[in-house]
Structure formats: structure tokens, C-alpha cells
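Notes for the one structure printed next.
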Amino acid sequence: MASEIKKIAVLTSGGDSPGMNAAIRSVVRTCAYMELECVAIYRGYQGMIEGDFKEMDARSVNNIINKGGTVLKSARCEEFRTKEGRQKAYEQLRKHNIDAFVVIGGNGSFTGALLFNKEFGFPVIGIPGTIDNDILGTSYTIGFDTAINTVVEAIDKIRDTASSHNRLFFVEVMGRDVGHIALNAGVGAGAEEILIPEQNLGLERLLDSLKRSKKSGKSSSIVIVAEGDKTGKNVFELKEYVEEHLPIYDVRVSVLGHIQRGGSPTCFDRVLASRMGVKAVEALRQGKSNYMVGIRDTKLVLVPIEEAISAHTAIDEELIRVSDIMTT
Amino acid sequence: MASEIKKIAVLTSGGDSPGMNAAIRSVVRTCAYMELECVAIYRGYQGMIEGDFKEMDARSVNNIINKGGTVLKSARCEEFRTKEGRQKAYEQLRKHNIDAFVVIGGNGSFTGALLFNKEFGFPVIGIPGTIDNDILGTSYTIGFDTAINTVVEAIDKIRDTASSHNRLFFVEVMGRDVGHIALNAGVGAGAEEILIPEQNLGLERLLDSLKRSKKSGKSSSIVIVAEGDKTGKNVFELKEYVEEHLPIYDVRVSVLGHIQRGGSPTCFDRVLASRMGVKAVEALRQGKSNYMVGIRDTKLVLVPIEEAISAHTAIDEELIRVSDIMTT
Amino acid sequence: MASEIKKIAVLTSGGDSPGMNAAIRSVVRTCAYMELECVAIYRGYQGMIEGDFKEMDARSVNNIINKGGTVLKSARCEEFRTKEGRQKAYEQLRKHNIDAFVVIGGNGSFTGALLFNKEFGFPVIGIPGTIDNDILGTSYTIGFDTAINTVVEAIDKIRDTASSHNRLFFVEVMGRDVGHIALNAGVGAGAEEILIPEQNLGLERLLDSLKRSKKSGKSSSIVIVAEGDKTGKNVFELKEYVEEHLPIYDVRVSVLGHIQRGGSPTCFDRVLASRMGVKAVEALRQGKSNYMVGIRDTKLVLVPIEEAISAHTAIDEELIRVSDIMTT
Amino acid sequence: MASEIKKIAVLTSGGDSPGMNAAIRSVVRTCAYMELECVAIYRGYQGMIEGDFKEMDARSVNNIINKGGTVLKSARCEEFRTKEGRQKAYEQLRKHNIDAFVVIGGNGSFTGALLFNKEFGFPVIGIPGTIDNDILGTSYTIGFDTAINTVVEAIDKIRDTASSHNRLFFVEVMGRDVGHIALNAGVGAGAEEILIPEQNLGLERLLDSLKRSKKSGKSSSIVIVAEGDKTGKNVFELKEYVEEHLPIYDVRVSVLGHIQRGGSPTCFDRVLASRMGVKAVEALRQGKSNYMVGIRDTKLVLVPIEEAISAHTAIDEELIRVSDIMTT
């Protein structure tokens, strides 16, 4: 299968996350170090189809390790979901003598890469870049650590004003179908209640918990609501519900939104991305394909992409318990 | 009028703002320095009516200079708008031998203080604490500098993800009826367009500006919308409007919300608050009343409260022009 | 061995680290949740000897999760190293009916706890709180993540001015005998060279590396120097050495110092501390003693204290390699 | 004198300061807006002598408003102090048809510009960019606000660990011959004592103050020392002195160093820089020369460079008094 790899392409795909630039830099510099050619693909699979390529050397990635977003841009690409789209992409890669690519992204991006490999036998390696931390086979995805810190800093600010007015805040955070951001940032921010998609305890329990919190003399309450939450109510509806059923509270709502995707990456995300970029290029050089680079404890691992995309990472039951105990 | 002042009360009232704690600390420590007694009133005028008081000494305000919000809590108080409410408040103050009070807050709080003084001849001094920077007679209010930095940091993050996807963002910021936060943070964040209540240029101009921005090759656009904006559309409606009339953009919305009220105050706000607290106590000692402490350039001034509440600070025309030029 | 545990004490000992307050809060709240009594011991073992104790309930630890340092204070204590000192401490604990204690600290603190247990059979559990991340048996210690972010943010700032003047900076970071902070923050900050105690490559290599870096067209260079570095030269001497042997550089020095110990803890450190506090109390309730709570991947573990203090955690060879590749 | 200005150059000179990039961006964009040509000069006067120029348009300065340092680089230049050096610089400017220049820097840079103008009648305007805030005629220089926030954030961190160990810290801050950074950041950080060049109260007073502070029950003390301080002792010598004369303290030292020059500029500095850039170009268009753009209260002013460099801005006596009162 593996003819020698001489030229590697790198792209970012799907939603952006902080640390993607550190991963790009790492792939580019590892290629330089191993004397491989390296090509950047702009705008994800769309740019692959259109041949939006650029040769990279070690200096092309100066001063990007601390930048949020992705200098290669990202995009979702409908065309790549079609056989024709992927055929065009393949021709572009061949035309530019590219032997393999590294895709930095999430589940959707990996699914595309796997399909592409199945059709053309083209070597691909994935690097998990998403704030959601929902990819099986890796304890951390690039961007998650930055996102939870952004959320915690925002809630620290909201708590200032909440405490000053004895208010209750519903704060909506990102995470799509999973509650990792909500649960971790909620514990980190000392939230009184955390509503996540994996666990629907019902609105009764929420009211009980808020009543208890009020009685215990707390000067404010913060309830974190994951965007994929299963209560059937969004934060605005939750506000109305509580105002109706528990009129002792002055309730406010905050939707944190896209600040969670940006910002200079944390040291953790920069180091993780740097390590994963090296591992990805090494894997390709060793003739490997269809793997995602993951981290287990402090060691990097290669996880079959098929496994990585087969399910979401489950929520940590022990952390749910910690969350319950902390709100005593 | 001015019998000797021996005991001063301090309270925070209305919406909280970062730096209020630094102002409280300053009033308390200045009293200690001048060997005056000092009493904290909790929960604004409500706490004044209810006698929610606490004796303070220099050590009572340790380690609060860097905290957001207000340790004295704040509240809006309907009862203080009534003659009966103010009578109760007056009785509480007399009962505790309080000779004067310093109120940290905005227009509403000052109006109450003025009324109170008219009725009972009670000495009052105001310190402008609001993120909106809308109080006449002072170039800066306490909390404004922190708020615009919070907004700028949030938009720096949003721009990361906006640039990565070539997106247009409408970002709603606070400021009630005035555009100071929007205009300053908009210039500071390099926004492409800034919609403020003081200036309604119409939606046509917005579309033109966005078209130009796109054509000029910018990778993203950020439009700041003050909450009091006069286009007649909120950020969600603006998104729909642009998507309909200018379908070249992928549009997103972010409502920054209450993070703008919190956070550790900037050095500017801490220093301003520290200075104003000293000035307020000094003014009372000198037998002054019905003044707000203001800052003009680098000098503190006393402004008649009546003047301070007579109108909002006008927006700076030169800064609007700078904003226009910067979006070239 | 384990008579029933009804009353648990918690103390912080040795150097402070960000997240210690989150761990204290967690121990206290877990006790409240499990209906155990909880006592705080101030100033580490010194306070234990002097009986500087305070009863705690769930509300005693409100609003400390986001604070750096330790609200219980910390201290090094010579007296606890003597048999007499420990005897006094034991008597204080007995007098207050304390059945077990949780000590949050590093190697020295654990050694003391172990000795104490050996002498009196008193149940103890350790929680690793140190910025150095040097404790065997846990992948992360509380405070390390915050410290490396503080370093990275400082170096991001230094790089601004280094780049503007084409300068070389030697930046000294903490870490005592180990290079974990230096290596992780160095990779995260994109340092050109990282000097750690575990690996002395000699000064020749440093000069070669700096020459190469200059030749490659980089606009600035940052060299991270761990305080325990083995070159035999501190940062000031390194500056002189390079100025003498490589006069092409304008060299500056920065000793980051104690900012590395403080600051609001990151989400990672807050969550880690919250989890470890629960685990520590649970371990005591289950009759366990002489264990340190550790984390392996995403799971908490109990590590015999004897093992934890037997050696420093080794530096990650793979990360050294990543560091080399990134400076290509 | 003023033939029509068609082409303007911009350079940064001397020490860099946060916000310089916002000023560069503003000069470039204002030229674009007014349909003037704009040229960037790299590495200050050295680059002027060497003809290190680059044509700029509005897009050349995308995404730099939030970056610390200066993208044009800066340098001190001995050659420009000679007649021959300035002659070469003049020839380069003429060769490139440059009609005027805007120099962003401090006293030294302005002195050079003035001399240059006297010799060649070449139109020059200065923009004050320095963290020291020491330039006469402007209430604020670009970078000062960012620097004092950096110092305050660092001291907030140091206080965490100082409080945890009941320690005394001497913290050295920048500011060259003036105490503006020390005084403002000291008040903002709640320092117990602030030593500035403008006021030498002697070491006796320091000891007295520290004794009082200890007695009052404070858990830590921070003493800010301006680098130009006149006690005759640096922070390390102060530590020794206090340890000898006041052995009740555990003393530590921190030299904040170059982190004070870097970092993303605050909103205040970005807005100030944006406004000053517009004003500078407008002044040149109006045929003005030898002025520095200053700010007085919220209004921009033009100050004769000769006046600006004639002396340092005096320290604010009222702020010294506030500082004394706050340490009660």
C-alpha cells in the first residue's frame, strides 16, 4: 500500500477551534524537519476540490501558535459529500503530486476522509480539532481546554453581577449533542446546576435544587445549560418557567455564543496540537492511514478513524457525582 | 447648613459596575484616615429603608479592590420613590447617627439622592458608577473602561472564528440609551460598522458598507449594535434582513450580555474609583452637598447633581469620524 | 484499623499553588454532603501544632473556587520535623476529636504526613498541590496547568517586544529540580530553545541553535531556562556568555518569578481539585490511609504516599523530541 | 512652506509600546481614506537611512490593531544622531517622493524629528508611543494604559501567594526616570507603599510604614519600586535592608521586566492610537509640522514638539495623597 510519502497536505475542516493553528504549524514544521514537502489546503474540502493550495516551509507558520481560529480557513462542503466532488478533489491532489493528507477537524471531517480513502486508497490521518471533546478514542480534542476556560472566565464575570443583585442566571454553553463543555465548565465555575443532554433529570428537580440553594443562603445561582440539553426548553423558556413556578428569583439569561470558539489557545491545547501534528506526519511516513491521533493519559495513540467516529465520548459519571456534591 | 460630619454612610445603587468595590474601599479608608466613622448600607436604598447597616473600618475592605460587582449588593428600590419610603430611610439614618451619605451609582440613584436632600436637608455626594458612561459632567464613569475592554476581548475572540469562516457577525453590546460602549469598543475592536442610538444612518447604508467591505477583500465583518440602537431591528432581525438583501454573507449573531457588567476592574477604573472616594469624603467634610464627583482630564471636579442628571453625555463626533475612516 | 471517621481536618502545606482553594472547598463540601464534620487547619503543620483550627460548613467555602493562593494559608514548619512537634500536633488533633486529615501539598508535606501516620496510626490522605508537576503517580498536580498558562501568557507578551527589536530573551521559569513547567510552557510558547535540569546539552549546542535560528530569518528568539537547569549558568550569566560568543544578538533577561504561583486557577485545575477533594474524603471514609489521590488519564486513582514521594516524575522524552522538531 | 502633501511615511522609533500597531494602522487607513500615498519605514530611523520602505494600502494593516509590539519594528539609531546619517535619511525620503513623515515614539524620537525638520524643512508630526507616560502636553501616551494593567494583573497574582504565606514583596516596575507606572499601578493594585523617583521619603519611613502595616493585621504587603527610584537601593538591596532592620517579615523580590512592554493593547490604547493617527495625517494635510498629537481630557490637541520634549510630565500630587490614604 504505502509507496513512499514525499509530499503531505494539511487542511482544517468543519467548525474551527483554538489550537488548530498550532496543529497546522506542527504538521508543517515536522515535514520540514523530515525533509518532506508540505502543502496547505485552504477552506477545507472545498479548497481541495478547487485546488486552493499553497506550498509551506518552516517559516510560513511563524507567529501562529498563539492565534485562535485557523489561518487555513475552514468551511463545510456539500460537494465533497458527492462522488463527483471527491473525484475532483482527488484529481487536484494528484495534479500537485500530493501523497497524503492530514485533516484537522471533527466527526464530519473524519467521515469524509475515510470515505475518500476507501474510494481512492489515498493515505489520510486525522487530528481531532473541536471544542466539543466528543470524539471517541481521545481523552482530549484540540480546543476543548481553551473553550472551557473561556466559559469559566465568562461565568466568573457573570457571577460578579449575579451576586451583587441576588440573581439567578441561566447560561447557555456550546457542545452540540454532548455535555462535556457544560459539565466541566460548570464544575469549574461552581455552577449550582448543570443541564446536559446525557442526563435529563426533569424540571421538578431543577426547581427543588433552586429552592434549596436559595434557602441555604447563597447570594446568587448560576445554571449552566448545554445547547443540546434535553429538558425541551431553551434558556429563555427556562427563565419563564422558573419565574412562573419560583417567583422568589430575579432571573436573567446569557447565551455565551461564539466567543467559545475563539481566543488564544491555552498552553494545554498548544502542546497537545504540537504533539499531534508530529505524530500525524510520523504515522504517514510509517505507511499508516485511516487513523486519528488521540491522547490517552499523557501518551499519544493511533485510533482507527472508524472507531473514532462510531460514537460520542460518554460523559464521566464520576464528574456528574462531583458536580452534585459540590452544589451541597 | 453643615453641622460637623462625624459619621458617613456609603451605598451602591442601581446596576452594578466593575470598580464599585474600589470606590467603597476608598470611602471607608478615607473615613478611617480622617477619623470619621463609616457605615456600609447594603442593597442600596432598600437597605437604607430597612436599616441594613454595618460599621466599617479600614480592614473591612481588605482584598476587594480587584473584585467585580459590589460587596454591598445593589438593588432597584420602588419604595424609595415614595415619600413614605424616603421618610423611613431618613429615620434609619438618624437612628444610627449618620450625618451624610455617599451613593455610588447612576442617574436614577442620583435623582433619588437629590430628592432626599431636598426633603430632609441631608448631605449627599454622588460617585458615578455605571458601565454606560452616560453621566454629564464627568469624562469617565467607574466601570466603563472595564466594560469596553471586556467587549473588545470578546470581539477579538469572535473575530478568530469569523475570519476562519468568512462570516459576518452582528454583536449586541450594552449601553442603554447611549452608544459610548458601542462606539469605543467598536473602534477598539476594529468593527466594520457600529450602530448607535445617536446616529441612525439607515439600513441602506449598512448594506452598502457591507458590500464594500466584502469587495475590499476583508475576510470577515463585525457589526457592533448598541442595545439602544434606532434602526428598529434587533440583532436577530438584522441578521434576517442582511441574509435576505445581501445573500453573499454567512451571518451569525452574538448578544454579549451580562459578562459586560462583571470582571475584575481595570487599573484605570480602580484608580478612578480610589480617587473619587477620597474626593467624596473630603467634599462632605467641607460641608458640600448635592454634588457628584467627576473627572475632567486628569483632575477631579465637583459637579452639581442637578447638572449631572440633566442629560446624557453626547457622543463624540470626532470619534464617529475616526470610526468611519478606520473602516476604509 | 479504621474506626469510623466522623471528623476530618484539611490543611495546605508547603508552597501554595492555584487550585488549592478549589481542593479545600471540595473537601469541605464533600464532608457536608456526607454529613461528616470538617475542620480547617490554618498555616499548615505549624497551625496543627498550635491548634489554629476552625469549624467549616458548606457555606464557609463560598466564592473561593476561583481564587489563587490558599485561604488556609500555608507555611513550612521546622517543628513538625521533630518528634516533639508531631506529638504536639497529635494532641491538638485528639483534643478536637479529629479522626483523620487531608493534606494538600507536595513531597515535603506528604513525607511529614507519612511519618505522622507511622508514629500515631493517624489516617491521612494527600492531595498533590504544586505547580511543579513533579509527583510520581499522578499525571497532573493541582496548579501546574495554571502555572504553564501564566508562563505562556508572559512569554507571548515578551515575544511582542522581542520581535519588535529582533532580540534574544532568556526567560527563567520555576520548577525546582524538574523541567516540566519549562518544557510544556516552552513548547506552548514556541520557544527556540528550552534548558531543563533533566537534559544538559551543553552551551555549544545552545550557540549552534541560536546561530541557526538567526540564519533562518527569525525575528526574535526566546530561550526558556528552568530554574534547576544544569548548564551551571543562570540567566544573567547566560546573557553574558552569549553576548561574548555570539555578538550578533541584542540579549535581554526576564525572571518570571512569583507571578507563576498565583492567579485564578484554570478550569482544568479547578475541576481536578474538585474531583480530588471528593476522592480524598471517600478514601478516608472507606478506611484508607497513606494514599495520595492521583489522576491517570481521566480517572482518579489512589497511590501509596510512599510511592508518590519516592522519585520525581520523569520528563516526557516524546515531548523533548516535539520541542526539537518545532524549532526547525 | 507647505507644498501639497501627497505621500506620507510612518515609522516607529525607540522602545516599543502596546498600541503602536493601532497607530500605524490608523495612519495608513487615514491616508487611504484621504487618497494619499502611504509608505511604511521599517526599523525606525535606521530603516529611514537604509531605505527600508514599503508601500502600504488599507489592507496592509488588517488584523494588527490587537497586536502588541510594532509590525514595523523599532530600533535605536546612533547614525541618525549625526549630520551625515540624517542627510542619508533625507535623500532616501526624497528619492521615494515622500513629503512628510509621522513618527510614533518617545522623547528621543521626537528630538530626532525636530532636528531633522530644522535641517531640511521636512514636515514631521509626532505621536506619543511609550509606556512611561512621561511626555509633556498629553495626558496619556499610547501604551501606558496597557502597561499599568499588565502590572496590576501581575501584582494581583503575586498577592495570592504573598497572602498565603504572610510575605512582603518588593516589586520593581518600569518607568525610567518617572513614577507614573509605579504610582498608578500601585494605587490600582492596592500596594502598601510606592517608591517613585519624584519623591524620596527615605528608608526610615518605609520601615515605619511596614511596621504599621504588620501591626494592623494585614496578611501581606506589596511595595512597588519604580526602576528610577531614588532610595539608592534596588529591590534586592531593599530586601536585605528590611530583613536586617525588620526581621518580622519573610521578604521576596519580583522584577516584572519586559512583560510590561508587550501584550494586546487595551481598548483605551487602541482608541487613543486610532484617534491620534487620524489627527496626525490631518495636521500634515493642513500644512502643519513640528507638532506632537496629544490628548487633553477627551479632546485631541496639537502640541509643539519643542514643548513636548522640554520636560517630563510631573507626577500628580493628588494621586500621591490618594495612595497615602488608601494604605491606612
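As written, the chains take the letters A, B, C and D, and residue 1 is the first residue of each chain.
As a convention for this text, a residue touches a chain if its C-beta (ideal position, glycine included) is under 8 Å from a C-beta of that chain, and two chains touch if they have at least 3 such contacts.
Just so it is clear, the model here is predicted, and its values are computed rather than measured.
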Those chains which touch chain D and also touch chain B: none
Farthest chain relative to chain B (centres taken as mean CA coordinates): C
Inter-centroid spacing, chain B versus chain A (mean Cα positions, whole Å): 36
Inter-chain centre distance, chain A versus chain C - centres from mean C-alpha coordinates, in Å: 28
Chain B and chain C, separation of their C-alpha mean positions in angstrom: 40
Residues within chain C bordering two or more other chains: 156, 163, 219
Contact pairs between chains, per stated definition: A-B, A-C, B-D, C-D
Chain D residues touching chain C - in the complex, by the definition given at the top: 12, 16, 18, 67-70, 73-75, 150, 154, 156-166, 169, 219, 252-259, 261-263
Chain A residues touching chain C - in the complex, by the definition given at the top: 25-26, 29-30, 32-33, 58-59, 62-63, 65-66, 139, 145, 148-149, 151-152, 156, 163, 184-185, 187-190, 216-219, 264, 266-268, 270-271, 274-275, 278, 296-300, 316, 318-319, 321-322, 325-326, 328
